Amino acid sequence: MNARQSLQPLLRYGILIGVGFVMIYPLLWMIGGAFKPNSEIFSSIGFIPQSPTFDGLEKGWKTSTEYTFATYFANTFAIIIPKVIVTVISSVIVAFGFARFSVPGRRFLFGVLIATVLLPKSVLLIPQYLMFREFGWLDTFLPLYVPSAFATEGFFVFMIVQFMRSFPPDMEEAAMMDGCNSLQVLFYVVVPVILPAVISVALFQFMWSINDFLGPLIYLSSVENYPISLALKMSIDVTEATQWNQVLAMSTLALLPSLIVFFVAQRYFVEGISLGSVKG
Amino acid sequence: MAQSSVALRDVVKTFGAAPVIKGLSLTVEPGEFAVFVGPSGCGKSTLLRLIAGLETPTSGTVRISDRDVTHVHPSKRGIAMVFQSYALYPHMTVAQNMAFGLKIRGMTKTEANARVKRAADILQMDQLLDRKPRALSGGQRQRAAIGRAIVREPDVFLFDEPLSNLDAALRGQMRVELARLHAQLGTTMIYVTHDQVEAMTLANKIVVLNGGRIEQIGRPLDLYRRPANVFVAGFIGSPKMNFLDGKVSASGVGATTIALPDGPVALPFGDGRIKSGDVVKIGVRPEDFRLARDDAARAFEGRVVLVEPLGGETIAHIALDGGAETLVVKLSGEAYVAAGAPIRVAVEPQRIHLFDSDGVAVAPKEA
Amino acid sequence: MYGNRSEGLAYLSPFLIGLVVFTLFPFVASLALSFTDYHLQDRLDSARFVGIDNYASLVDDRTFKQSLFVTLIYVFVTVPLKLAFALFIAYVLNFKLRAIGFFRTAYYLPSILGGSVAVAVVWRYVFAGDGLINQVLEGLGAGGVNWLGEPDTAMFTIMLLRLWQFGSAMVIFLAGLQAIPSDLYEAAKIDGAGAWRTFFRITLPILTPVVFFNFIMQVIQAFQEFNGPYIITGGGPLKSTYLLPLMIYEESFKYFDMGYASAISWVLFALTAVCAAAAFSSSRYWVFYAQDEAK
């Protein structure tokens, strides 16, 4: 009995460490490759560079196009920051409508909301493209964040609604008796209280959007508008021999914002997921 | 603060298909401390919310100071409410909580702060003003909630079971403070609770509710001495009144005889309403029983089943001879009763209550 | 709670507008487009109605059939594998480890980064002829494999990328496992149940709602996979990784045949809907909800 008991933790740790290592290795390898000279990349499997250099980073940053990665980073943020802001605002407003008002057909509409989360987006792709073309929005960032201003990502609305519902309405009633109209209640009382959920929404949207590839791919045609995702793809499209150390260097940089945000705000990710799924 | 009356006329409230308030009318006089009391589900909280404006009646009117406020927004009725859960804004300090409503109304900072200070003085909570709710104990949070109501200088205070989340000792303490507050401010107060001790000690007027209807309205001691029906008789007073089933054997104005399983009981009151042969209930409060002296006219005999010695008083549960009935008897001090021993108790006939077959009290005794 | 209906509608209005403009209208429009011969470079009103010609062509289109085939393989291999692995790791992790947070992070991280271009790029390199994997294999004495050049192995690398991202499903399973009260396990222990039996008779049944949720989400996402195949293999070799989303993209933006692409997107939609519907209707039989609250 005792042997089995002390074996168990050992077994668990063994599996966890083994699998964990294999999982993380490609990333470690990528970071290492960013600092290796091109020749070394294909010769060693260790991820620590034998002759570290900033060559990959320097040349990769400048890229072989007329723009540096500074432009591409700027573009990425020019898309994501408005997107996150409008997502948060519209999701909170719509969630408030669902959670606290008895609107006719509310249950049906909420069901529709959930259905849109499950809807495969590829079926909407072509008409949306044509619609934005008619608007004259091609090669701008608008198609990438305007829809979010209309709470089109139902998952976020759902998350906030669940969180709102977990609070009894007493505070809001007290605020009403203090003379607040519904918007004041929302702003002064509800939002401060549901802040953790709001932050989770912002973080998730940040992470999802920064990885968006198909959107920019079909809407952006000028290289000067390319975000990082397209610029990276471009760097491996070159017909002559790919400078892998540059590519890896830029890949590392591309993942850096996500990594930083993730490590700083880990708690919100895990809580956010359980909010949306297990309790949903 | 002005003193306002509150009047409800023929108020009905239905939620979906379920009627919660079934048509009632009542008036609270200016400056009165009225308590709505009743078991869970009787509609007392709903009634309070109707007065507050958090719900609108399905039909009927609500008037405050003789102004029809049935469809007026809660913030414009001149009322303030203390919630059962306190409903304090967790991200604001106590002072900010209290000043919030005032600022929304456009009051200047100086005036708002002055009011907050005044309220804090009344409640002796100056040291709590800069704390956030999570740094306060239950009793302190409650005080903050009351403070938030006071700063509005309302015409009517509404309390929704404010003490039910506190432990027993704190509850007793806060009861005294609320009574003091009412004496000091003089404002009309409407208070909801399921605890009849709170009702008895705080109220000028008690409204007993059951199933969405009013059972009785009156001063606390009136409800105690002359309950209008079985429900009120059983609800007010602890331990609960004892009820025994019987039949009328003789009835007349001024005297009635009731036949109980163990013998007749003569009551020195009566009216022509009940007739011989009617099924009735008699009620005796536990505290009205005494150990029977040998010359007692009518004694109840039985065996002690359980003794609860409380020191200041002793509660004995007695199984009556010849019946399935149990009496609960409250004797003062450390009474000499032993479990299993036989016992004889008696009660003065004037202190016996009589209820007809519908549970309505018969000829309530003169005060 | 606030009773005022028009106010409520005002709050819902962004959603309602967005629903109509960005979801309902495109949804119907794409169906309509699938019945036309519209090409991207033409004016919109030059589209001609061609009935079910597009769908009929699909039946004879070998590329489409190939695409459909590899997509189905992709979905029905990766989803069960990913869920099983996620559940397994969650189970191993569900232990009073001090380092549980560390491991959870380590596994979750790939799923956050995995959908990105950066990772797909790295993946292509990791499986290149002289890439990391082959270097390891050669170091162990085995020969290198032409991962991206052979149809079977190319599909394997794409699948592996998806499996690598099991972390998000794992975190959800972990939350589900931790929500199971330990009393149940203790009662089982007193009853004498061993580890296997406890897992299959107690843990798994309670987890079925979470399994169901994860299953639906994973299936829908798997059908939409685009980044990996596009960046790593470009759909090749020999269209062995030419998943349907890729075909839709190429038909629309490379060959400009939007009518045809719309038809394909509707087939994909119907396929996803059928799978989801099947899962929903079968859920009655195998999903067990502990609290029967119909909210």
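The first chain written gets the first letter, and so on, giving A, B and C; residue counts start at 1 in each chain.
Throughout what follows, contacts are C-beta pairs under 8 Å (C-beta built on N, C-alpha and C of every residue); 3 or more make two chains touch, one makes a residue touch a chain.
What you see is a predicted model, and the numbers here were worked out from it, not measured in a lab.
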Furthest chain, CA centroid comparison against chain C: B
Innermost chain, taking as reference the mean of every protein Cα atom displayed: A
Centroid distance [mean C-alpha coordinates] between chain C and chain A, Å: 16
Cα-centroid distance, chain B relative to chain C, in whole angstrom: 61
Between chain A and chain B, centroid-to-centroid distance (C-alpha), Å: 57
Chain C residues counted as touching two or more neighbouring chains: 3
Sequence positions of chain A contacting 2 or more other chains: 176
Complex contact set, residues of chain A against chain B: 168, 170-171, 173-180, 184, 188-189, 192-193
Footprint of chain C on chain A - complex, ascending: 9, 12-13, 15-16, 19-20, 23-24, 26-27, 29-30, 42-45, 90, 93-94, 96-98, 100-104, 106, 109, 112-113, 116, 118-131, 134, 147, 149-152, 157, 169, 172, 176, 182, 207-208, 210-211, 213-214, 217-218, 228-230, 232-233, 235-236, 244, 247-248, 250-252, 254-255, 258-259, 262-263, 266, 269-270, 273-274, 277-278, 280
In the complex, chain C residues that touch chain A: 1-5, 7-12, 14-19, 21-23, 25-27, 29-30, 33, 44, 89, 92-93, 95, 97, 101, 103-110, 112-113, 115-119, 121-126, 130-132, 135-136, 139, 164, 168, 171-172, 175-176, 179, 210, 213-214, 216, 220, 223-224, 226-227, 230-231, 244-245, 248-249, 252-253, 258, 261-262, 265-266, 268-269, 272, 276
In the complex with chain A, residue positions of chain B that touch it: 52-54, 73-76, 79-81, 83-85, 87-91, 100-101, 104-105, 148, 152
